[in-house]
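Naming follows writing order (A, B and C), and every chain is counted from residue 1.
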Amino acid sequence: MNRHTENDNKNVYTLTALAQLLDAELVLSNRSSITDGSDVEVTGIARLSSAESSQLSFCASAKYHADLTSTSALAVIVSPDSVEHCPVHCLVHSNPYLAFAFLSHYFNTRPAPARGIHPSAVIAPTATIGEGARIAPGVVVMDYASVGCNASIGANTVIEASASIGDNVTLMGNINIGYAVQLGNDVRIDSGTIIGSDGFGYAPNPQSDGNRWQKIAQLGSVVIGDRVEIGANTAIDRGALDNTVIADDVIIDNQVHVAHNVVIGRGTAIAGCVGIAGSSTIGKYCSFGGGVCIAGHIEIADGVTVLGMSRITGSIKKAGTYASGTGVQEVDTWRKSAVRFSQLDTMHRRIKKLESKD
Amino acid sequence: MNRHTENDNKNVYTLTALAQLLDAELVLSNRSSITDGSDVEVTGIARLSSAESSQLSFCASAKYHADLTSTSALAVIVSPDSVEHCPVHCLVHSNPYLAFAFLSHYFNTRPAPARGIHPSAVIAPTATIGEGARIAPGVVVMDYASVGCNASIGANTVIEASASIGDNVTLMGNINIGYAVQLGNDVRIDSGTIIGSDGFGYAPNPQSDGNRWQKIAQLGSVVIGDRVEIGANTAIDRGALDNTVIADDVIIDNQVHVAHNVVIGRGTAIAGCVGIAGSSTIGKYCSFGGGVCIAGHIEIADGVTVLGMSRITGSIKKAGTYASGTGVQEVDTWRKSAVRFSQLDTMHRRIKKLESKD
Amino acid sequence: MNRHTENDNKNVYTLTALAQLLDAELVLSNRSSITDGSDVEVTGIARLSSAESSQLSFCASAKYHADLTSTSALAVIVSPDSVEHCPVHCLVHSNPYLAFAFLSHYFNTRPAPARGIHPSAVIAPTATIGEGARIAPGVVVMDYASVGCNASIGANTVIEASASIGDNVTLMGNINIGYAVQLGNDVRIDSGTIIGSDGFGYAPNPQSDGNRWQKIAQLGSVVIGDRVEIGANTAIDRGALDNTVIADDVIIDNQVHVAHNVVIGRGTAIAGCVGIAGSSTIGKYCSFGGGVCIAGHIEIADGVTVLGMSRITGSIKKAGTYASGTGVQEVDTWRKSAVRFSQLDTMHRRIKKLESKD
């Protein structure tokens, strides 16, 4: 399933064409006089409850059957079990949500930069730009950097020297890809994100008038696998001596901080505002909710899920779901809880004393 | 009250002129020989305690009367009740803090980009630039985008295709406004902010060798009302199928993450480092302290205030002030509290047992 | 110890040369037939456990002696006490970690922009560019701004009017330095960072149809001392009336938010994702872990250390280590703890009642 399509400014498809794209069975509604899906044009995609009569929708699971039975959509992507509940044309697929995700790109009207190199871009003579690549205005590609085939580089994005950008990579605008950073194929990075900033490494340098910090040159790079997706205004630091590594199929949201020498395993999902301190190793197929902070030099096993805004200060050795923190309360009640929290050890001792007298 | 003034490199005004700008009564000090406010020049604006003898200050409430009586300012914006406490010239206004906020812009020496389009900017032939607009060096405006009258677009900012920027909008530098994003009039966005990045939407795509993530094209946009102010390095994602919506008069600080399909009601204030997960709806006139995290798919009523760094995981149905978390302690005491927190349910059972024996 | 060296694309040094750079004693291994360090070339720098036979390593303390005795490095920077444990050539230095930090820059192959001004940069005629400065493609330097000698300004970075950049400053790419911001000498700022964005200052402006916010012009600036280092995608706001001040030798990581009128004392270290609200004053030689939030209008004494993700809502008056929050738990256990937290005051009363009956 390829993800990016040319913008043809139409994005209208017949039901038959969509069925073919999905390899789905087309079941025409018997409430309709239509007998051939190639006569029916779909103009867009929408939720069951808001889809209009020329739009496609999807029913991700049986819990949406109430919405399904009352939908005004032209057609719905449904699982075999849901066909009988669908009042309109069906595109029958074993995984409707995945099918919707795949088809969504065909309705995307967002244009990519034009193929070729915009005259305002500054491309170093030693850089290589792959066939079919799209280089927007204001892009800078420095010495010995390479941009893969059919890659799309958004306006005012900077690719520093010796960086390597794979095939079919999409970089949106105002991005900075640092020296010698490697991006695999089919990577997508959203605007404002920085890959390959220096790690936060300093040696104390005592002086007669107080401590200074001697910066440690960050000699590692960032190596990013295939199909990695990174959101907006995120920053991923280069390693100090070794590399920071983001494995294949990792997805990272906005405003995330990944410090130097972090290793993130395949398929892991990291929500917005997460911070991961230096040299921590995150397993495969983990999931971190928004705002989680992960301390440095720890290991998280494969298959760990952490609820949003939790603090992880030690290694987690087995798969499972974890959390820290407290729930929200009205402020007066909360203040009392917070005060008692600071007295918890005393409370514990008082219970113990009561028990001993018991 | 218009907010932006031409930079005249002088920013000197007579007391009479300032009184007229504010529609304030000018009460000249009887300790001074001055009899006409148009003879007195004000060169700047400062706090009561640090204002110099040619500067204006303001007394926001009676609790600052001690500073007022000892001020060295040339003149002070005061409420009618404070006139008798003011040793210097008075500009009498019913709301001195608002009056100060309004006048502050007259003392701002920060220049806007020059009117017109800088020759280094890349403006698509199909884009429209309103009268009086200011387009700084390195700006990129793509196909079918429109920039309103008297808008100011800072250096190296990118406005993607079909985006619509209202009148009198100020975008600072290195900003990225995505495809089809709509900004109302009088919006101000600070540097490094991304509007219209893709939402974090993926369908699991199971493969024989593990899970991949099928990206869902984010087909919605971001619609931002009038007079919205957004800080630096913030990111607001476009909606998946519907739009992300920021109503009129919302103010958002730096480093904020607003996920796809969030709706923020009129006049709400969001401090730095807040994260709002997808599809949550925030009411009108709410206030969120710094670092608050808000889970996805919840609703926050109008008039809710949340203290800094709280975690909101469920809907809040009535106005009021809320918080979560614990207060800071010295680390040894804190460690004991934190250990006891993990034993809280056991402690509760021990209390219950003691009570039953009682 | 200067930190930045020309990229000579070789980065090969003899042991004798490195000893001279460090002012270290060179002790050749008696297991080797080498009798002159100027015959031995070092090609890189690596950890004790991964260093190859042409690489240098370092032993920061006695706790790494196991790694030291089994290292395959060509030579190791060691303290005098460690010489006897070192199986290979020694560079003897009183502070091996500092010596490593210093030498690391000699092995850095990341190129700086070329000396001089790239033809695509837009430099205002009234701006001044110091001797030996490097101005990359797409840079914008506005009126009356100054760039110091040997400063290096990365691609697509913007320096607004009247900003002052010291000597030997390194700004990476896509940075925005605001109007009249002052950077000292030897400052380094990583990509995507914004210095001098507007503080979050508004006066409520009641209207018949609800509250608006009257923006307060932010008339102060940001003043940054010498040798300050700031990471990627951080934002530091300008002051409202006075300046935001970052003293000499402060180090700040990625994704940090520093609000208006904050003052940060000399040598303080601030990790990633920290947020500091307006008008707070941070002492000298403090240390803040990742994700800490600091409320506005408070004071933190010199020498305060705060563990990651703590919330500071009040002033801290004496040096020491502080924390807040709870530790991570498996989710079922955590839910019970979190529920009991909300009942803590009741639990306390129940204990008190039991005690009174006792």
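Simple rule for what comes next: contacts are C-beta pairs under 8 Å (C-beta built on N, C-alpha and C of every residue); 3 or more make two chains touch, one makes a residue touch a chain.
This is a predicted model, so every value here is computed, not measured.
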Rotation, 0 to 180 degrees and nearest 5, that superposes chain A on copy chain B via CA atoms: 120
Type of chain B:chain C copy interface by residue overlap (half), same or different: different
Whole-Å gap separating chain B and chain C, where each centre is the average of the chain's CA atoms: 27
For chain B, residues contacting two or more additional chains: 120, 138, 156, 174, 192, 233, 255, 273, 291, 325-327, 329, 339, 341, 343-344, 347, 351, 354
Residue numbers on chain A that touch chain C, as the complex places them: 120, 122, 138, 140, 142-143, 156, 158, 160-161, 174-176, 178-180, 192-194, 197-198, 200-205, 210-217, 219, 233-235, 237, 241-242, 255, 257, 259, 273, 275, 277, 291, 293, 295, 306-307, 310-314, 316, 320-327, 329, 333, 336-337, 339-341, 343-344, 347, 350-351, 354, 357
Touching residues on chain C, where the partner in the complex is chain A: 1, 3, 44-47, 50, 95, 97-98, 100-102, 104-105, 107-111, 118, 120, 136-138, 154-156, 172-174, 188, 190-192, 227, 229, 231-233, 249, 251, 253-255, 266-267, 269, 271-273, 284-285, 289-291, 308-309, 325-331, 334-335, 338-339, 341-345, 347-348, 351, 354-355, 358
